[in-house]
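Below are two complexes that have chain A in common, paired first with chain B and then with chain C.
Let's look at the complex of A and B:
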């Protein structure tokens, strides 16, 4: 297993890059929903897979729509988006959707736009490009998340966690970007190259 | 002229200060890591121009902006933020900011802004 360590400066750079990327992604989703989102400060953590699953378990509520989108390139991993039942229903009301199929389609589209814009911009800030797989959606209880195959390929992960909050529409989501083991050395090098240009 | 750069990210502050120094040389540049610190610096040091992030811990830019203007009505505030939603831009201009600029800001943009201010 690779031992991951990020210095405070490396974390700060990654947090700032994520902030820029998330701002762009949110603006596009806000435009799509004709709503205003409040931005939160991204949280950067290094976790083993057990801690990651515990974090998922600690999310408020017990029934979530959960969608993921894998990305590959020098920077590769998985973007996961959680939206709880209440928020999903509010999304359906806001978009005047009818039926579960339409709602699933809307969540997938939201995930696709959010995660691809976010990850593309984050990659661009680190002078690289990524390719995406199609997003997939599932609705599973959080305590069964450990059996999800998507997370079995990770040992330790750099987790970039941020929230999507549309207060007026009562739509809240949580986004996690998980970095694959093989990309971690590359990521650290990129962060340090950026640091060298500033300091 | 005195300047204040407010951002919770050290990278963002250092990057902005590096670009700013190209145009203002050895001018006095203060730094704050959140809105509350920024308001305190404005109160005590009366900077002429403030570069202000929006999403920060303790006190965000939206809350700090009117407090800074209240402390120093002649202050000029340039919001530098990743929040590029139209409503965010309108809100900070209505609160009294002169500009809303998308992050990351570069030296050419700073030159352009300083020229107008």
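Let's look at the complex of A and C:
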């Protein structure tokens, strides 16, 4: 396995692209929830699976709703969204949802919005298109995340990690965009193309 | 032959319409107010609703189960993002209620659906709902979930059982080089050792295991042949305590049937060994006591023949003094003395025979058994004026250990005789009955020597229990029970009513391969 690293310049470009994408995502989520939302400045890293699982473990709270959504195209991967129990309950109250079914649906919708807006925008900036699979949800205790086979297919992942906050409603979530080796290579090429046009 | 077209399928050939009509999905086009603008053939067939009847209606008025607020949100978001939003079968189950009649998925009343809300026309604010049937997938998913749950439950049960086995079963696992790979908690507790100290050590470690070289070689031999072997071992605990185990060595194989070592299941027989030793000691004690009783019986037996000899000798002396002693008288007296001495000698032989423990099974009649048993007691029975009666079929035969059975019957008869000595009763009687019952011989010994109180009847077979006022070791009936049950594979019970005591002995007609002590 060849280790792929992003140079500081490449990271800077990606960071800029993500900032644009996040602005878009925040506005749409705020529309959906009819509330003021903010996203933290994304933190971009390339890490192996062990490091990724450690990152999951470091999330606070015992039990999380965990949803994923795959995206395909030249740039492909998966978004993983974590929202803790308390935030999920606040989301239910805010959207006046009845029961677990509606809550799960709302979490999936939130995942979908974040995945779609972030990756679509990112893809657009890199002159490509992506398509989305249906999101899925499960409630997994974080200490069992290591045994989740879903992540075993990745050797190395690019992690774009940000926090979603709705201050008034106390809704916090964390989203990770995970991509595999092929997409990391593709992304690196695209970032370099953009870099060439800038310099 | 007509030439096939390789040109792109023309757009004007109603491609879209044809495809949409034949597609295996439901398609609904809605505007941003949720009004139905298109309802495809697939949906018409599945819902029995005609497109013409619902065009312009809001979808939630046609399908009242739909939560308009949620759908509105999804439509709005899709149009805002320019990318689809979704309903998933796993969460929302279905959007359009479509009944299903298939037997294999009859767990569901309605078709499970994934629905994509696609921003179809951003300018006009139209969305297309693409509905796909996910019932089979959901069914499989549910079955999988159910099975995973079941597996988890079974796994939990297994873990629990494994824990119980670990705590209760004495078990050692060794690899093919005899190194211990696992050892149960139950065994570790017995040995008073820690798992870490035992793992990887050699099973045949002489510090712990006390087995003979001969047995060790036998175990090696069975291991080589990968055969099951039962053997006894003595292990030393960390405190030096000896632990006797009855082990079963079983070869162990992995999933691919490769031989990976052996499992040794142990049964703690330390207490059983102690009991066995104790029992042997008790039997020895009882033999000593019985020997004493025998000597007293011989004394009784000899009294009469000795007085015969005495009389003959005295008669000889008198006749000699009177000078009337002739050869004929001498010969007669000589024969009489000789016969009597032979009788005395036979008594000694019988006595010796009773204590010679013959380990061979023998076939004999019950009549012969009783004759032998009562031979030494006859004198005492006569002196005490006890009426002795036998009611037996002289042809009944039994295959058993004769001397052990004689010892038992003498013990029971002696108990009756001793009981008569302690009470004054008229019409003293001992009667013995013997008869056959399919595969068994029943011997009943009854006396009227006062009986046994009911409250102590259940204790008479316990060791060191005696009702005798003196000279009772309390071992007699215990030994009888041990002999009858353990060695002769029979049953002995005692009943008492009024002045009568009835001892019932049930024996197998033919005893097989028992080990006499």
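The rule is short, and it goes like this: the second predicted complex is superposed on the first by the 199 of 199 C-alpha atoms of A that agree within 3 Å, B and C clash if a C-alpha of one lies under 4 Å from a C-alpha of the other, contacts with A are read in each partner's own complex, and residues count from 1 in each chain.
Basically, contacts are C-beta pairs under 8 Å (C-beta built on N, C-alpha and C of every residue); 3 or more make two chains touch, one makes a residue touch a chain.
What you see is a predicted model; the values in this text were computed from it and never measured.
Give one word, clash or fit, describing how chain B and chain C relate on chain A after superposing.
Because the two structures are overlaid on the shared chain, the partners are seen to fit without clashing.
Based on the superposed arrangement, let me know which partner A:20 touches: chain B (first), chain C (second), both, or neither?
A:20: touches chain B, not chain C.
Once chain A of both complexes is superposed, is A:120 in touch with chain B (first), chain C (second), both, or neither?
second
According to the contact criterion defined above, which of chain B and chain C contacts more residues of chain A?
With both complexes superposed on chain A, more residues of chain A are touched by B.
A:134 contacts which: chain B (first), chain C (second), both, neither?
second
Using only C-alpha centres after the superposition, what angle do chain B and chain C make about chain A, to the nearest 10 degrees?
The angle comes out at 160 degrees.
Applying the document's definition of touch, where does A:112 land relative to chain B and chain C: first, second, both, or neither?
Second partner only, chain C.
Tell me which partner A:55 touches in the superposition: chain B (first), chain C (second), both or neither.
It touches nothing on chain B or chain C.
Is A:163 touching anything from chain B or chain C once the two structures are fitted on A? First, second, both or neither.
Neither partner.
In the overlaid three-chain picture, which partner chain does A:102 touch, first (chain B) or second (chain C), both, or neither?
In the superposition, A:102 touches chain C alone.
Applying the document's definition of touch, where does A:90 land relative to chain B and chain C: first, second, both, or neither?
neither
Enter the shortest inter-chain Cα distance between chain B and chain C once the structures share a common frame, rounded to whole Å.
So the smallest C-alpha gap separating chain B from chain C comes to 13 Å.
Please identify the positions on chain A that touch both chain B and chain C, taking each partner from its own complex.
31.
Within the complex, which stretch of chain B touches chain A?
8-12, 14-15, 18, 54-57, 81-88, 102-104
Where on chain A does chain C make contact in their complex?
Per the stated touch rule, the residues are 28, 31-32, 101-102, 104-105, 108-109, 112-113, 116-117, 120, 132, 134-137.
Chain B touches which residues of chain A in the complex?
Checking each residue of chain A against chain B gives 9, 12-13, 15-16, 19-24, 26-27, 30-31, 36-37, 39-41, 194-195, 198-199.
Could you list, by residue number, the parts of chain C that touch chain A in their complex?
Chain C residues touching chain A: 67, 70, 73-74, 76-77, 80-88, 90-93, 114, 116.
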